[in-house]
């Protein structure tokens, strides 16, 4: 998906939304939209973190359990 | 023949060339006087004997390697070259090497070989190979007997228990040692399965270490593609091999330390990296989490606004209803008031007035008629009375009567006027008598009667 | 619907109507019309607020509870 | 009397009738006619008031109870 | 006497008759005639008034039954 | 003598008769005649009056019984 | 000799990765990748340490002149 933003972009967006909501008196409907967007971004970022944390956990389990053959393969591919 | 005239510079230049070409490098011996060592670290002194003296210098780069420090009055033998310093028109010997007077030819040969190989560049750092940080296999080229190999094995075990050590046994002194060392090094490179080699021997005299000062060994070391550490003799002993080797170790045991890491240290380093990696990534995740949480908390804004707006909207609603009901109430009051007014203005009063009027008119009508009737009645009554008084029949009461013909009602005043049988009526006071004439009435005067 | 006013516009209109009714004495029928309009606006605003509040509540519940698959999909559609 | 008259117009007429009844000595029959007219106007106004109140009551009940779909439709019709 | 006459005309006539009867001495028959005429007029007017009063009462009752019961009774009693 | 004579004419005649009877010594026959005539006139007038009274009573009773009771009766009784 | 090279490179890389993660605020996704790489490297290096076979040998020449690596018994062992 082309619009799949990175975590950092999402965080930046979330920050902007927080600032917008904080600073300017947005019309209610717009504020709702922004809020909705913010919640979605927050969720998205949170999930992304979960995902990454899970990945980290798996990596660490692998470390203790399984054997990894070629550490540089991934880099060269 | 024309006279050749030199300039000072030309002459000095020619002298410089002459001197420096004639004495490129020479051994010279004499006695040191006026020795000084300024901050630069170079040695300045005069070399003299009973008849002559020459200015001398030994630069820091060279004097570092000296195993002794020169002093005033010391007899020395040195290797140097003549150098002319043109600006001052002086010459001096620049020493490469110095040793106390009375050293043997072995030493001289050593120095000469060292000098040669050095000039060839065999000692250059550029050729020095780097040591592996974790050698899979270490080859030790040494004598399989003796303390050296045991020290090496023991230290290796201590540092890296599972180290792979291979020994290429060679003679390290005496006849044939040189050859064996050279072929050992060649064997090392032929097999080419080691990561590093240690060329080792215990301490000994210059003669004992002779094999390691040989040119063949030096060249074999230089030629090796596998890095070689030299570990020959004691800390103070230098051999040619030491200079050629990729690394010089002061002692054989120290060579192991140079080439083999302590396994637990490496393990610890890796573990530290590992820990740091986890710490860093989890730290980053955690800080992002906190950041998200903070931002998300800051997001819960609209509810407050909704509450506020609800208040506002409710207020409008209530005001609206209140005002409108007030308007409605006022309209009702206005309407009620008007209606009452209308009712008060109803035609009832008018009707009442008219009724009264009619009543009055009726009374007048009746009264007027009544009084008229009364007048008429009383008038009639008076006339009746008068009429009664004037009645001609009044005299009848005194006994008179009136006789009238019937039906003509002619009063009979003369009897002649009546005939027999004629019907007459006689009016008396009370009543009327009907009668018939019986005989012929007589004429006469009533007075006759 | 073209005349679908925003919440803010509706509130503004409502306020104006309330002020008109409060300040001047309008004939009954005109007042009724204004009142009717105002009540409708008030109703509209109230519903809009309910709607938005509901949305916010759902969003907040979602955040704590459920999973949302594609946070940016909805935006691009 | 046409029912198209507004409450205000009817009230005005009623007022005029009251004045006429008050000021001039009208012939009885005319006075009766005026009075009758006035009563009818008053009745009409009263009904009008009831009607408006009913309408308002319904509007207010709607507010608390039922849902209204399109708040601005009526205004555009 | 024609019934086309208005109430006021009838009253006027009645008044004239009353005056005639009151002021001058009329011949009896004429007086009787006038009297008769007057009584009839009075009767006519009285009936007319009753009729109007009834109408007014009905109108007042019609308005809303109990509001003002009988505006004349109280005054006349 | 015709009955067409009005009450007033009759009264006049009666009065003349009374005067004639009073003033001149009329021959008995004439006097008797006059007298007779006078009696007749008097009777006529009296009847006329009764007649009128009756008519009035009827008129007044016609009105509606109780309004004017019977102004003549009471006095004549 | 190949393994020796990779071990060294791996250690160097591992160190660099740790430094990168330490010093700069890498985007999360990149940081994860670096982390993954680092973990793999650390694993790899750790394994490499144990991979070396423990032995002490001596190269001896047999009758044909070939060199044979044979266990070396230290006199001290």
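Letters A, B, C, D, E, F and G mark the chains as written, and numbering starts fresh at 1 in each.
Following the convention adopted for this analysis, a residue touches a chain if its C-beta (ideal position, glycine included) is under 8 Å from a C-beta of that chain, and two chains touch if they have at least 3 such contacts.
Given the structure is predicted, the values throughout are model-derived calculations rather than measurements.
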Set of chains adjacent to subunit E and to subunit F: B
Shortest path length from subunit D to subunit E (each step joins two touching chains): 1
Which of A-B and B-E has more C-beta pairs touching across its chains: B-E
Cα-centroid distance, subunit C relative to subunit D, in whole angstrom: 34
Geometric centre distance via CA averages, subunit E-subunit C, whole Å: 69
Distance between the centres, which are taken as Cα means, of subunit G and subunit A, whole angstrom: 36
In subunit F, residues with contacts to at least two other chains: 7, 49, 52, 56, 60, 67
Two or more partner chains touched - positions in subunit B: 281, 285, 288, 296, 302, 306, 309, 317, 321, 324, 328, 331, 339, 346-347, 351, 354, 362, 366, 369, 373, 376
Complete list of chain pairs which touch one another: A-B, A-C, A-G, B-C, B-D, B-E, B-F, B-G, C-D, D-E, E-F
Subunit E contact footprint on subunit B (complex, rising order): 339, 343, 346-349, 351-352, 354-355, 357-358, 361-362, 364-366, 368-369, 372-373, 375-376
Touch list for subunit D against partner subunit E, complex: 27-29, 32, 35-36, 39, 42-43, 46
Subunit E-touching residues of subunit F, taken from the complex the two chains share: 6-8, 48-49, 52, 55-56, 59-60, 62-64, 67
Residues of subunit C touching subunit B in the complex: 7, 11, 14-15, 17-18, 21-22, 25-26, 28, 31-32, 35, 38-39, 42, 45-46, 49, 52-53, 56, 60, 63
Residue ranges of subunit B touching subunit G (in the complex, touch as defined): 132-137, 144-145, 149-150, 153-154, 160-169, 187, 191-195, 263, 266-267, 269-271, 273-274, 276-277, 280-281, 284-285, 288
